[in-house]
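Chain naming follows the written order as A, B, C and D, and within any one chain the residues start at number 1.
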Amino acid sequence: MQESTLIRLKKEIELEKPILIVGLPGVGLVGKLVAEHLVSELNAEKVFEVYSPHFPPQVLVNEDCTVRPVSNSIYLGKANEQDVLFLVGDHQSASSQGHYELCTLYLKLAAELGVSRIYTLGGYPTGKLVHENVVLGVANSLELIEEIKAYGVEFREAEPSGGIVGASGLLVAFSRLENLDAVCLMGMTPGYLMDPKSAQNLLGVVCQILGIEVDTTALEEKVKEMESVVEKLKEKEEMQKFQATRPSEEDLRYIG
Amino acid sequence: MQESTLIRLKKEIELEKPILIVGLPGVGLVGKLVAEHLVSELNAEKVFEVYSPHFPPQVLVNEDCTVRPVSNSIYLGKANEQDVLFLVGDHQSASSQGHYELCTLYLKLAAELGVSRIYTLGGYPTGKLVHENVVLGVANSLELIEEIKAYGVEFREAEPSGGIVGASGLLVAFSRLENLDAVCLMGMTPGYLMDPKSAQNLLGVVCQILGIEVDTTALEEKVKEMESVVEKLKEKEEMQKFQATRPSEEDLRYIG
Amino acid sequence: MQESTLIRLKKEIELEKPILIVGLPGVGLVGKLVAEHLVSELNAEKVFEVYSPHFPPQVLVNEDCTVRPVSNSIYLGKANEQDVLFLVGDHQSASSQGHYELCTLYLKLAAELGVSRIYTLGGYPTGKLVHENVVLGVANSLELIEEIKAYGVEFREAEPSGGIVGASGLLVAFSRLENLDAVCLMGMTPGYLMDPKSAQNLLGVVCQILGIEVDTTALEEKVKEMESVVEKLKEKEEMQKFQATRPSEEDLRYIG
Amino acid sequence: MQESTLIRLKKEIELEKPILIVGLPGVGLVGKLVAEHLVSELNAEKVFEVYSPHFPPQVLVNEDCTVRPVSNSIYLGKANEQDVLFLVGDHQSASSQGHYELCTLYLKLAAELGVSRIYTLGGYPTGKLVHENVVLGVANSLELIEEIKAYGVEFREAEPSGGIVGASGLLVAFSRLENLDAVCLMGMTPGYLMDPKSAQNLLGVVCQILGIEVDTTALEEKVKEMESVVEKLKEKEEMQKFQATRPSEEDLRYIG
């Protein structure tokens, strides 16, 4: 395999002006969490698989001890009578050039399938520990920005100032070349750990846009799980601070 | 050379549903030790050589001062009337993309030669110093897992949890695309040093599967060799610990 | 996208022996500042856009929250009746090989457009903090060197001794293969920060060569801006030196 | 430029069983010094130039301020009625894959030109400071090894044990595929600095093989130059040792 390769799992798929929602791994796994939650809740069906020499050269082990290559996959579901494609996956490209190659492959496929609009989902790292209930957006046209603002998405002048790295950004920027509308929605997140809380917030916005409601129990459980992880990390840190204020037994041994 | 290149050393080779055993360098060199031991004991003959720009850009010097490029090689032998191909070599790909390219080349060749099943051999790093007499497996179908369990191979839920990096994993995962059965057998090993003991254990399982018995003297000698290496490393460590508990002469010079 | 790609924004452009001025990001951003200043002052029009998998895999966010891919662009303007093309951009290639690929693309385009001469603009890092009002040159013929000397450009034996990295150098060196005259003009700069002062000086030389005068207010404002940045950095440094000469409160706590 | 490119500087060159001597930059620059010395002393003429995207993306500045791309070059000279090609250059490939690509290009050219034998020249790093007047060899056939031994070249069992990295090794190892004789001659060198002394020694062996004598004044001057550099480095080191044995004034200030 010298190039990224698309595997068509179904002979023919008929779509009516589908939209494409992209949730690949990234900051806080926010985009991935939202897209995979929707795939699961909408019972979307896998229709394409993508392998690439730009993915890490490893395989993943399933619970039953069978293995699978690292891949990206495209699922097809329906939301409010609307055909929706979901692009999700194990990894993004591990090389710079691979990002461009895969992005081109996805946009060509989108054009071929008649996709009318792309939503890429991701996280926006604030570097602060406090959670903010904000979804930030960028898009490839001013009309689209106006439309998406109505859903409470914030568009802040020239932000993210450092640009957007990876598929979420490239797909939106290059969509214009294929004459596609595209918007990137980013849940704000501290960015240090998996952030299902930010995902929950972003999911709310996406559901509003799609005009659907979905069960969010699975995501809520992940929120609780992460809260307990964070709690333990904090306790450990407190402990270390406490220990740092007085000599440890080991220190005393050497001093004495 | 811009792509990996296969050199056919024999005009025609006739094979009857051969199996392919892969033992390339990896953790503890376990897979390489087993496969090369079998090549030697079964007097297998070299039938293909592979060069690749993805191997390190260096050459190896033979005992007689002739040189050879870094390569992978395929040998053909017979085990219990069964044609067996062995893929062994000096190095795996040095680049991520090369792993995918070489893996594709090997699977195409396997399909062309009518290979019915692939066994990839490797080591499973435990990170612990104690040796465990365990062979772990993953495979590309549930039927195969059931079959291989009978030989005492352990299949542990979702393990290795970090996936499998390199040819051993990729060949098994992508075998399904070529409609081939494939299993990866991993000898447990501390993973820090060459581990002929783990190789001996894995060799036992492979011989059982092949229905053969082979002389293991060469491998036993390597076990003794490594035991003496480890012994020396331990002594050195003990010495250092001892020296660490009291000031060295050099320390005293500075203190005094 | 597997290769660098040229987008033609205009069906036909008619040029008469145009010259090409290249100002891509580099040391002190000197070349970029000069070329972009000229694009703006001469109201040059964008005629080509270049995308490349060798650019960083990210997108840039405009003030209005629309996004654009990282790109290089070619603008067309007129200076003193002379057609002038300007090659400017967000980034140079992020990979070694990409530099060669892009350079080849630009030289082929230059040949196709009948470019008669190339000026690449850059900075020459002195590593000293004091500003020097010097423009250094190298070129691809001795005749050209003589001609350019007349504009006060200095040509110092075998300098830069470390060679010139990136597009500025490659375009000049490979121009000879396309039978093009080419010269690289480098404003001397400390090289640590954006250096609009060095750019102002280089702009003077370029305008003299083109036989034009342009408003430099925008660049002067950037000079003032940077002077205030440097002033603040110096104050901060002074403060730190002052603090370093006597024990801080924190130090005293540990000593006491 | 996406691939390494050969520029033919002469329309036709007629050669009679030429030999090829390769001296590219490497350990101690030993091979480069010898080959370039011979090019100069035999008044060899440049007949090919090679550019490659695998060379560093920079250009070199000549004394007269013209620039040239990084390149490898092939010169043609005569030694004792024998046609001799010299492959020399500014850099070897900066990427692993480029080494293989360039090596293939050179071997194809050698075959096309009817080259009967290749000598690659290099340095063998001992890591010791004392100079040894030894030339080590490896070759691609046992007959060749016997022949070359007669010139005082040492062939030590399985040495260099770490293999040979880069063009010197690859050309010898892959020559067999083109049915060419090839030998690598390595001057022993500490390996830390440019080593014209080791080059002088290697030059002696090469001249003996070619059956010629050449003036070595230029190389002797470089030996003296390096001896004075080493002298200065030693003095500096002595000084530092001396200073290390007693507290510096700065130390005293802190202790006091």
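The rule is simple: contacts are C-beta pairs under 8 Å (C-beta built on N, C-alpha and C of every residue); 3 or more make two chains touch, one makes a residue touch a chain.
Computed from a prediction, not measured in an experiment: that's the story for all the values here.
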In contact with chain C and chain D alike are the chains none
Chain centres computed over CA atoms; the one at greatest distance from chain C is chain B
Taking shared numbers over all numbers used, above half giving same and below half different, the chain A and chain C interface sides are different
The C-alpha superposition of chain B onto chain C, two copies of one sequence, needs a rotation in degrees (nearest 5) of 180
Expressed in whole Å, how far the mean CA point of chain A lies from that of chain D is 52
For the pair chain B and chain D, the C-alpha centroid-to-centroid distance in angstrom is 37
Shared-interface residues of chain A (touching two or more other chains) are none
Listed in rising order, the residues of chain D that touch chain B in the complex are 3, 93, 96-97, 99-101, 103-104, 137-142, 145, 155-161, 163-166, 169-170, 172-174, 177, 184
Chain D partner, complex, touching residues on chain B are 1-2, 7, 51-54, 56-69, 94-95
